[in-house]
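Below, each structure is written out as structure tokens.
The same chain A turns up in both complexes below, where it pairs with chain B and then with chain C.
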Partner chain A sequence: MVEFWVNVFLISLLVVITFYIIRLKSLIAIVALSGAYSLTAAAIFVNMDAVDVAFTEAAVGSGISTILFLAALRYLPLEEAHHTRFSGWSLTLCIIVGLMLINAAFSLPDFGDPGAPAHLHVAPRYIEESYPLFHIPNVVTNVLASYRGFDTLGEVVVVFTAGIGVIILLTGSTLSMRFRKSENLPVQNKEASKKET
Partner chain B sequence: MRENPVFKIVSKILFGPIIIYGLYVQFHGDYGPGGGFQAGVIVAAAFIFYSIIFGLERVRKLMPVIFVNYIMALGVLVFAGTGIVSIIFGANYLDYSPFAYKIYKAQHLGIIVVELGVGLTVFAVMLGLFYAFSGFKPKK
Partner chain C sequence: MSSLYSVLLNWNYIVVIMLMMAGLYIIISNQNFIKKLVGLSIFQSSVFIFYISLGKVSGGTAPILTGVSDTVYSNPLPHVLILTAIVVGVATNALGLALVVRIHEAFDSIEEKKLLALKIEDGHQENEQKDNKL
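Entry: the complex of A and B
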């Protein structure tokens, strides 16, 4: 029962934070609030005993991505651009999609319902079989690295590709920096950091 | 902010423990919450924290950009290479059972190696993204 009310409190906190993210104009405040949003979401995951997910959410959502947003903010104005145009179509679309999602939420199984489809498929096998077979207490790690190693490989490749893509877009060169040096062309990274110090 | 001695001393004291905590999360992912993904982010956070206080140039000397780029690829190579090694041993791709005599020891070994690959890639991508964002020079 306590867990339920803690969840109600945290989720209403999420709603309040979202409201302020929409209302505020200062971009730094918005970035800070989105970090707070992730931290609150992590607290919800802890409350639901999904510690691994909470850990990731706290480290990535409220830690690294806030820092990256702040680093990107250096090249942006401090205030959000002012826009007053009101579009009736967008509002109608938002309300329709929102109502559809709320309607769909009613047909979801209850939290912790043992008869939920997610708990009937392969989960019982993982929970029963993994400890006697592998002697590893954390089932999440078992599933991630062993049962579904190929999926995790895909995830790592996605992280790798996304990182390479963004770095090439922003710096214009990664591995080719050595060749640029030999041609005496300006290297963007070096210049920018000199300017900073 | 960079001139404030409190920040400098605190960042110097915390830099080591954050990395040790990251390594703990990395190698105890099978006993407690955590794993390669979280560990990579935590270790990258230590370097980013240091660079916020001491400037980008000093962290670039500690962890050069070219090195970060190689680590990024190395992580994926470690993960995919583990699969190739299992094929060489005659098992399916990413099946860790032939790595040791007992199946649970083999799984332990496989999981630790694979998580190391995940951690290396995530660490390098996060740090590389930070380098790219803070060293970015917009064209006027």
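Entry: the complex of A and C
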């Protein structure tokens, strides 16, 4: 029962954090809040028995992601240029879609129901058969590396492609210009680089 | 009373949908690209929480075998899928941030409206040049 109320509290905390992300203008504050959001999500994952997901989220989602955002902000303005006007039609769209989804969510199996279809098909096989086959007590590691190794291979390919993309984007003709900007030296070839792009 | 109970029982699903729509709202309505990326990552994590909620079995424990018989374990399959998705999400974020940095270098702005205005101005200039040539 305690577990349930902790879950309700933490997940409501996410709503508060998201509200302030929408309201705030300072980008540093927004990035810090998104790190807090990831850390709260990691706590929720621990509470819902997903320990492996929790430490990946804490390390990668809250750590590396925040560092990447802060590193990018070094070259960017730290404030939103002008306050975003309240846009009625997008809010209406979001509310309509949200209500439709909530309506659909009530026909899902109840939260934590052991008889839900998702728990009856392959999951029992993974839990019962993986230890005799591979002798690793952690079922998640087993499934990740042994049963679904190709998924992980695909993930590595995606990360590799994204890495190549980042390198190609950031080591272009304007690399020297970026270094000069970060050292607050006068930018001389601004016109030239504009013509290039 | 029973409806209140069912709302509280499925509070996870409702909040996940609220977060998802908040992320969508940020992506649509905000002009700043960094804030759009944060909105995208909020949308993403809401899906992660949804999957993990589906995998939860009440009274269960983490799917690490204890050797004690009759232990109830949560469903390990959503955990595996989300583990992959988190890492891919960060890779996407990195690519997006690299694009934003390059956009700022090239146009000195990361606000959507300013960039669109620049594009329209460029279009006018090109048209004028064509007219002059003619």
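Note that in this section the second predicted complex is superposed on the first by the 167 of 197 C-alpha atoms of A that agree within 3 Å, B and C clash if a C-alpha of one lies under 4 Å from a C-alpha of the other, contacts with A are read in each partner's own complex, and residues count from 1 in each chain.
Assume a residue touches a chain if its C-beta (ideal position, glycine included) is under 8 Å from a C-beta of that chain, and two chains touch if they have at least 3 such contacts.
Being a predicted model, the structure only gives us computed values, none of them experimental.
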item: Which superposed partner A:Asn138 touches (first chain B, second chain C, both, neither); value: both
item: Which superposed partner A:Leu68 touches (first chain B, second chain C, both, neither); value: both
item: Greater chain A contact set [chain C / chain B]; value: C
item: Touching partner for A:Val157 - first (chain B), second (chain C), both, neither; value: first
item: Chain B versus chain C as contact partner of A:Val97, first or second or both or neither; value: second
item: Which of chain B and chain C A:Val166 touches, first, second, both or neither; value: both
item: Partner chain in contact with A:Ala123 - chain B first, chain C second, else both or neither; value: second
item: Which superposed partner A:Asp52 touches (first chain B, second chain C, both, neither); value: both
item: On chain A, the residue positions that both chain B and chain C contact, one per complex; value: 51-52, 56, 60, 64, 68, 71-72, 75, 137-138, 140, 144, 152, 155, 159, 162-163, 166, 170, 174, 177-178, 193-194, 197
item: Residues of chain A that touch chain B when the two form their complex; value: 51-52, 54-56, 59-60, 63-64, 67-68, 71-72, 74-75, 133-138, 140-142, 144-146, 149-150, 152-153, 155-157, 159-160, 162-164, 166-167, 170-171, 174-175, 177-178, 188-189, 191-197
item: Chain A-facing residues of chain B, complex; value: 25, 29-35, 37-38, 41-42, 44-45, 48, 52, 55-57, 60, 65-66, 69, 72-73, 75-76, 79-80, 83, 93-94, 96, 103-104, 107-108, 110-111, 114-115, 117-118, 121-122, 124-126, 128-138
item: Residue ranges of chain C in contact with chain A within the complex; value: 6, 8-15, 17-26, 28-32, 34-35, 37-39, 41-42, 45, 48-49, 52-67, 72-84, 86-95, 97-102, 104-106, 109-111, 114
item: Footprint of chain C on chain A - complex, ascending; value: 7-8, 11-12, 14-15, 18-19, 21-22, 27, 30-31, 34, 37-38, 41, 44-45, 48-53, 56-57, 60-61, 64-65, 68-69, 71-73, 75-77, 80-82, 84, 86-87, 90-91, 93-95, 97-98, 101-102, 105-106, 108, 110-114, 116, 118-119, 122-123, 126-127, 131, 137-140, 143-144, 148, 151-152, 154-155, 158-159, 162-163, 165-166, 169-170, 172, 174, 177-178, 193-194, 197
